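As written, the chain order gives the labels A, B and C, with residue 1 at the start of each chain.
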Amino acid sequence: MTSLNFRAHARPAWRRLLFTREAAVIAILAAVLLYANLAVSNFDSPLTMYYLFLDVTPLLLIALPLTMVIVTGEIDLSVASVVGLSSVLVGVLYAHAGMPMWTAALTAIAVGAVCGSLNGFLVAYVGLPSLAVTIGTLALYRGVAIGLLGTEAVTDFPETWTDLAKTRIVEGGSLPLVLVPIAVLAAATAWLLHFSPFGRGVYEVGLGREAAHFTGVNVERTKFLLFVLTGAVSALAGVYFTLRYGSARGDNAYGLELQVIAAVLLGGVSIFGGRGALHGPIAGVLLIGAVSSAMRLEGQTVNAINIVIGVLLVASVVATPVLNRVAAERAARKPKRKE
Amino acid sequence: MSEPAREPVLVLDEVHKSFGATAALTSGGITVEAGSIHALVGENGAGKSTMVKIVAGVHRRDGGVFRFQGDDVDFSSTAEAKAAGIAVIYQEPTLFPDLSVAENLFMGRQPLKPGRRVDRAAMYEQSEVLFQRLGVHLDPRRIARGLSIADQQIIEIAKAISLDAALLVMDEPTAALSGVEVDRLFAVARGLRDEGRALVFISHRFEEIFALCDTVTVLRDGAYVATQAIADTNRGEIVAQMVGREVGELFPKTPAPIGDTVLRVERLNSTGAFHDVSFEVRAGEIVGIAGLVGAGRSEIARAVFGVDGYDSGSVHLNGEAIPMRDPRASIKAGMAFVPEDRRLQGLITDGSIARNIASVIRRGLAKVGFLTSRSELRAADEWAARLHVKTHALDMPATTMSGGNQQKTVLAKWLATEPSLLIVDEPTRGIDVGTKAEVHRLLSDLAGQGIAIVMISSELSEVLGMADRVLVVCEGRITADIDRDQATPEAVMRAATQLHHTEAGA
Amino acid sequence: MKNAVSDLLRSRELAVALVLIAAVVLTALKSESFVFSADGWRNLLVTPSMLVILAVGQAAVIVTRNVDLSVGSVLGLTAYMTGRIFIEAPGTPIIAVVLAAIGLGAVLGLVNGVIVAVAKVPALVITLGTLYIYRGVFLTWAGSDRINASDLPDDFLALGNKQIASIPVLSIVALLVLIAVGYYLYSTRGGREMYAIGSDPDAARLYGLPVTRRVIGAFVLSGALAGLAGVVYAARYGTVSSGAGLGIELEAVGAAVIGGVAIFGGSGTVWGAAIGAALLVTINRALPVVGISDFWQRAVVGGLILAAIVLDRVLALHRERRLSIERDTRSLA
């Protein structure tokens, strides 16, 4: 880039990479992993890693499209309800309606996309606040799931399928096979958000909805598509959830929406939209998974884990404005540069 | 003014204030006497609004003298300033849209009944009295949402008057008002002056300053320049003080060959915004659109470009029908639109300069579906250089630039699309004189290259200086189509106010 | 006449109340005992009281353009504390326990409010964080423990069923809360300032309103009411397990939205939120009576929330359209 008339970057590359929210979360993740490896017995065993990955898979899946929704400045609280609904559908279609697993799973994912499109339609085209809409559909989708199956559970799934959810890439290794489709999906999402014209539009919608509209970004369609995608991927997570635990229940993944959102925000995505990068939420999910896993090995219950997640979330959000203020004060004390 | 040697109501001297690295005010000063209406003038960016905000308690000064009614003061909140007796009418109305008009007037100081209950009846009554004094009809019970900008501004004025303040600061209160409303406001202002209150009046309209004020203080580049009695000065002298040098040719309009029709708008209608709007713009022609703020000029432009819809009518560009409410189709057909509100509509202010410039053309920059920062930087670099954008680096957020550079960035972003029609809405609002002339020269050059240009401006001199033809909009209708040689301020203003009357609210 | 009808329609509180009455009447037609039996009558009135109290607090927060997601955790924590006090210090006067629960709730609300208002970070994120923290504290404190009815004094449990002139005491408590908060928001300067802040926070700051204090106040109120709801929970159900209050924050927000409280602040009343809460609870109870499996109740709740916000939007568009036509006719006149 020697032929440029302007400097391309105000800060050197290492500063641009290091001084970000994402880098901070990755550093915390690395610290937790290091500490757990040294101080928590059995944390470094392949089995621990294996279960860690299995446990965070639904979070990881949903975090990918949800990150994009939050970058546009919207939110989707209905994701866990879609997981539950999709789980119930797989069970009902397979066990009660006698559909083959393939068809049952694909139908469930299609219904997830429909759920997402209802959210997207109401938010993007009717112009309703996504917080209110998805609180409504959170209840609606969960309600349909529970309505369909009651307190029953479908558990007789074919073993080839339930085993698939737990297969390792290498026999006896720590990496489950599900990481392969997740990696593919993550790469596709990264392309969409960071290396496609559509992705630039996603950020612009979040940073300045009106300016994006004036620039020719189809704000409504962008939001709509992201909600549809989130619905479909949540349903995919529902299929996984069902197979992993071998059980389709209406209350599967109850409350998971808050965990996913916590992970995404922890990863540095701004709730106001326009800011964040995909590796942040991925690190956020892994951080929550690693902390949970380490604490569980230490004999802590899920309760103490809740406290840690909550403190991390609050601290990460409060840290940014506080650090900015400190930086601003420091800048103000420095002698002024004359332009 | 007959009492000798009375303490001035407001004294500011050598006041300075910086925001981060930019100094908004280096040595601001003004001395306002009781019983006087004091004009504060200066170019955009001269520091007027910063000074107003310091007086109002929005900002705290970094240093300098700030005396109010003889006491040294240092307000840390607007509530303190208000309690001390300072009322401010800001440029943009700041109402609470969900609350009633009366509540907007009396928020925080509502009349109370026994038991500290808000006395709504009394509140409505007092509101009526205020509106009567201003000679307007507004229903105090209706909510503020949906009021016209003029009505909102009137509420701001009523609010400030009802504060019974010793000092009333009015930051461009007349921009959205019609002639009759302005007259009423002036009558009230004179009444307050005669009661012995001090008023500060900020305006860009010299006629108003000379009609209303008795003293004028000029600011330039964040510093005090001069204070004079209005009677002892004239427009030319004030302008020279504001600009600080001889005003060069601000409107370098060069005649350009006029070509075929590029834009044809036919019988465009939109309920509540504009009616039966038809006009044509030809290649190489600059068509100015004049009218009062809120007359519907921007609404027409937005509908033509497609960011808003319309009820009926049609838009053709180079003979091709342009679909409604589809900006991307308009852009593809060759339209470009530099909107009125640079920071909200023109730019993603928190986005980088490079991405802003590349934002409209990025689809063409992607290679096999991959769009990289590198290709955006290259494209942005070229256009930023062509328009002489000044910046430290291309990945800086657009907020870090001055208004003039921001506007050049918006122009760069649109010129990168190589349009055949360029619509510019208030192209020089809030930018310094130097850049202003640059923008004018650029528009003139673009017309010379055969681009059709539609220019909306509230600055009459800009319209008259730049346009080959002036369309005047009044209350959503085109009321005049005047050729350059016949376009006089009087002709334009007559057409801009011919339908206007003062009925407001319901 | 036309105006009167549209005014009625525009009064959201009335519209939701009519739906509530219709639901009760229809259910009563199906099964008289839903209303006309000692138990039916009492349950009709007492069951909504907990959610009404939460929804009132939530509405006050939402009016200021914030949201409090931590109320379910606060409720769980205070309900557990209530039981704990009776176990550790039997003979503590009930009123002292109630005050302690309200006090703890207020402190937890204060924490929310201070972080939101002082650090200027979005309430959604902060209260999501404290939702986890407060629940974590509750569960860590409780361990595998739970409070059983046998742990609680009889006269405390009696509160859950006690009636004065055939009105349950807990309903009276909820009604008093509603009246007090409703009065504050509608008739005092402080309450009106909360609406102004929610309507446009930047304008409120520019105007010089005490934004920080009012926002903190709203969170303290919401926390205190969640604390009160925790006592109500303990008294009404007699048992407090780890699931107490789980997910109820979204019901409280939903009740407020159904009752016409705009999610972005500045409009709506606690009366609407309370009626919305009563509607949610009553429909839940009515479904089995009219022959729909109560498994579907959540779906109905979701449908109601969506219907409410879509209706709001339609009415707003209608109003906008009318205003612009008015402007046109005026300019032609």
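Just so we're on the same page, a contact is a pair of C-beta atoms (placed from the backbone, for glycine too) under 8 Å apart; a residue touches a chain by one contact, two chains touch by 3 or more.
Note that the structure is a prediction, hence the values are computed from the model and not measured.
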From chain C, the most remote chain by mean C-alpha position: B
Pair joined by the larger number of C-beta contacts - B-C, A-C: A-C
For chain B paired with chain C, centre-to-centre distance based on mean C-alpha positions, whole Å: 44
Inter-centroid spacing, chain C versus chain A (mean Cα positions, whole Å): 30
Complex interface listing, chain B residues touching chain A: 18, 20-21, 23, 307, 327-328, 330-331, 337, 339, 341, 344-351, 354-355, 359-360, 362-363, 366, 369-372, 374, 377-378, 381-382, 384-385, 391-396, 413
Complex contacts: residues of chain A adjacent to chain B: 1, 4-10, 191, 195-197, 199-200, 203-204, 207-208, 210-216, 218, 274, 328, 331-332, 336-337, 339
Chain C-touching residues of chain A, taken from the complex the two chains share: 75, 77, 122, 126-129, 131-133, 135-144, 146-147, 150-151, 250, 254-255, 258, 261-262, 265, 271-272, 301-311, 313-314, 317-318, 321-322
List of chain B residues in touch with chain C within their complex: 57-58, 77-82, 90, 94-99, 103, 107-110, 112, 116-118, 146, 148, 271-273, 275, 475-476, 499, 503, 506
Interface residues, chain C side, partner chain A - complex: 67, 69, 115, 119-122, 124-126, 128-140, 143, 246-247, 250, 253-254, 257, 263-264, 293, 295-306, 309-310, 313
